[in-house]
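What follows is chain A paired twice: with chain B in the first complex and chain C in the second.
The block that comes next holds the complex of A and B.
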């Protein structure tokens, strides 16, 4: 009996673990190690952050789902990987620390035959002074990265709305809290959901809403932009976003690296090297992501973290990390199998794998500060990767170590994204976007690097309905209810 | 070499906004073509997109006759808004009222790929903004207010649909199904409202009519669903995103039909 250990129970890890358990059956063991007791459908955190959903609507307990699937579940965080075992055994293992109530802090070693690292990111609030620290979110801004953060964000939002109802103007600043952030899409959704809710509350005229991000143009979204169909035109997401911002009277600052947050004020540096300050009463700034800080130790007890992980803490996989300058980037730089090059029984998927380079054009200020979005690896691509990696591991277990690995390169994969711009059965809007491939392939598609036949988007009420339906559909799938395997990633 | 400037009604390509990665002879040749074309047509500036190139390059002719070459330009910050009357080479002899930023700061690269920055205000700021829009696939039409756009479209012989990508129109025959469905829904609502003002003897007949209307509306929407998918496949640019749109539109219409029919069942 082989044992597969999956670190992380987010979109990618949960997908990998559940499919692996389904395919392997009871002949082999699947173990999930995740510090969270609940699964969170993160895209809907936006609606929690504006009070349109509760934490309970977007989360559910993992334990009963894993029990049903025959998966062994440890509520714990992984501390280190020992891919060669230790001096007494050649069996590789992971060291975990329990986060379960009553067992918190207990250390345990779990041996594995195959390991999938799908830990997701560490929300690196400490990267920007004032945004937070090693313990997480700071006191000056809010976040929608977790369901608890989003609940807190909504509480602060309601306070701001109450102030506006009493005649006190409020300034909202939403965006990214560092020059190297990803997930601009989440901030984009949040700013327009806030705008929508303020309108509903009848206080829109009391609010000044501003966007701040590290994109070099509005609508970059960390993927170098895409086509959008808006107002009867096929245009770049830049034009679409600028029009949407103008239409909803939302001002913007882009190419910005937020370098300090204080009470009611952020300091930032722009791509042209100038420095600025922006005041706020309410601010949601997405933090940069980093690896969760896993250590790797060899048989002799030496630290080999730099061999297994990239400097940003994400795990090295079959990517080309020596692509060099922007003009040399190729689609083939991106990983296909997500297998670690040093230890073949190690895989990483979702945010946990180290991308070879950004997707957007790399940029920096004249002061040398890098300011550009880092590549998004969330949502649909994350699920597709998780499933492909699970497939590979299952084949390695059942067919032997020479079984060909399954591929899911972001340079060969399309993705669909539905970005909410306001929730409401008849008043809601969302931008539905498809992009193919996620990573531009300049050799196959000279020019934009994308197939324009399959890279498109549209905004409207129908998009909102789709997003709401997807919310229920993906929670259904994650709960492993009837027909879950038929629902695509 | 002087190049032909793409003008209405020739639709611009959907390939645009491609950042220059290799600063080579191809790019330098493109820049020279832009300069020649500016001189030949007595223009202030040209975006590469206007002569059919997808590269993110803009050339501006300065007052002293020299040229400013903007490679991979980005609009970083803006200040104040102004309303201007603009003309553009894509729509010869046409003008429109457009809101722009009065002062802007941009970054760009020069021929040596060195990052530079530039601040501009007034007419120069407006000119740069218009050229940047071109390089991201848009004429100034996308920056017009709804009223100004409607006014402008009336001046266009072929309307603005032609300005869309070569393969994705904005109006479809399937819209007739939606229109028919909406008319049926309005009729159902009117019938429901009328039922409050007629005698019980007529109610039975009204319910039958309402049921017929709901069935026709249902069939219309099923027809819409299948025809819309067929039509979307004719325009490959549209298939992926419009599938979601078609499903959403059908669902919304079906919910409306079901709600009105159920309410009618209990009230008529």
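The block that comes next holds the complex of A and C.
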């Protein structure tokens, strides 16, 4: 009997673990180590952050789902990987620390035959003074990255709405809290959901709403922008994004590295090297992401973290990390199998794998401060990678170590994204987009880098309906209810 | 409604060079019949991309 251990029960890890358990049956063991008792459909946190959903609507208990699937579940966080075992045993293992009530802090070693690292991001609030500290979110801004953060964000939003109702103008500042952030899409959704809610509350005229981000142009979204077919033209996402901002009367600051947050004020540096300040009454700034800080230790007890992980804490996989300057980047730099090059029974998927380089062109200010989005790994690619990696591991277990690995390169896959711009059965809107491929391939698709037959976007009520249906569909799938394997990632 | 988005444009401001939707485009965004048709079309387009990606 072989044992697969999956670290992280989020979008990617949950997909990997549940498919592996389905495919392997009871002949082999699947173990999940994840610190939260609940699974969270993160995209709907945006609606929690504006009071349109509750934490209960976007989360559910993991234990009964894993019990049903025959998956062994540890509510714990992984601390370190020992891929060569230790002095007394050759068997690789992970060290975990329980986060379960009553057992919190207890350390345990779990041996594995195969390990999938799907630990997602560490929300690195500490990277920007005032945005937060090593323990998490600071007191001046809010976040929608977790369901609890989003609940808090909504409480602050309601306070701001009450103030406006009493005649006090409020300034909203939404965007990214550092020059190296990703996840602009979440901030984009939040700013337009706030705008929509303020209109509904009848206080839109009392609010000034501003965007601040590290993108060099509006609509970059960390993927270097995209061109979409519209009215016979291939139109840049810059035009679409600017149009929506103009229509909703939202001003913007771009190319910004937020370097300090104080009560009611952010300080930032722009790509041209100039420094600025922006005041706010309410602010949601996405933190930069890093790896969760797993350590790797060899048989002799030496720290080999730098061999297994990139400096940003994400795990090295089969990517080309030596591509160098932007001019040399190729679609083939992107990993296909997500297998660690040193330890072949180690895989990383979702946000946890180390990308070879950004997708957007790297830029820095004349002061040398890097200001450019880091590459997003959104829900659909994270799910597809998780499934492909699970497939590979299942084949290695059942067909032997020479079984070919399954591939899921972001340079060969598309992504469907639905960005909410306001919730409401008849008044809601969302930008429904597809992008193909996620990583532009300028050799295959000269000019835009993407196939414009499969890259499109439009905003409207239909997009909102799709977003709402996806909310229920993905929670259904994650709960392993009837037909879950038929729902695509 | 007719000049819906245009009033927000500021001469030589950030948003001076973009496009804004006119009344028809704006109406169609939440027109239930039109959006029901778009719903079907968008779903088909997304399923094509999803199937190309697996």
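FYI, the second predicted complex is superposed on the first by the 482 of 489 C-alpha atoms of A that agree within 3 Å, B and C clash if a C-alpha of one lies under 4 Å from a C-alpha of the other, contacts with A are read in each partner's own complex, and residues count from 1 in each chain.
Throughout what follows, a residue touches a chain if its C-beta (ideal position, glycine included) is under 8 Å from a C-beta of that chain, and two chains touch if they have at least 3 such contacts.
All of these numbers come straight from a predicted model, not from anything done at the bench.
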{"item": "Room on chain A for both chain B and chain C (clash or fit)", "value": "clash"}
{"item": "Touching partner for A:384 - first (chain B), second (chain C), both, neither", "value": "second"}
{"item": "Touching partner for A:429 - first (chain B), second (chain C), both, neither", "value": "second"}
{"item": "First (chain B), second (chain C), both or neither touched by A:413", "value": "second"}
{"item": "Which of chain B and chain C A:461 touches, first, second, both or neither", "value": "both"}
{"item": "Chain B versus chain C as contact partner of A:227, first or second or both or neither", "value": "first"}
{"item": "Chain B versus chain C as contact partner of A:122, first or second or both or neither", "value": "neither"}
{"item": "Chain B versus chain C as contact partner of A:274, first or second or both or neither", "value": "first"}
{"item": "First (chain B), second (chain C), both or neither touched by A:245", "value": "second"}
{"item": "In the superposition, chain B vs chain C on chain A residues touched", "value": "B"}
{"item": "Those residues of chain A which chain B touches in one complex and chain C touches in the other", "value": "239, 242-243, 246, 252, 414, 416, 432, 434, 436, 454, 456, 458, 460-463, 465-466"}
{"item": "Interface residues, chain A side, partner chain B - complex", "value": "216-217, 224-225, 227, 229-236, 238-239, 242-243, 246, 252-255, 270-274, 326-327, 329, 361, 363-364, 366, 414, 416, 418, 432-434, 436, 442, 447-449, 452-454, 456-458, 460-466, 469"}
{"item": "Chain A partner contacts - residues on chain B that touch it in the complex", "value": "14-19, 21-22, 54, 72, 74-78, 99, 105-107, 115, 117, 133, 136-138, 141-143, 149, 160-161, 163-165, 167-168, 170, 236-242, 244-245, 247-249, 251-252"}
{"item": "Residues on chain C engaged by chain A in the complex (per definition of touch)", "value": "4-5, 8-9, 13-15, 17-21, 28-32, 35-36, 38-39, 42-43, 45-46, 48-54"}
{"item": "Contact footprint of chain C on chain A as seen in their complex", "value": "239, 242-243, 245-249, 251-252, 380, 384, 412-416, 426-427, 429, 432, 434, 436, 454, 456, 458-463, 465-466, 488-489"}
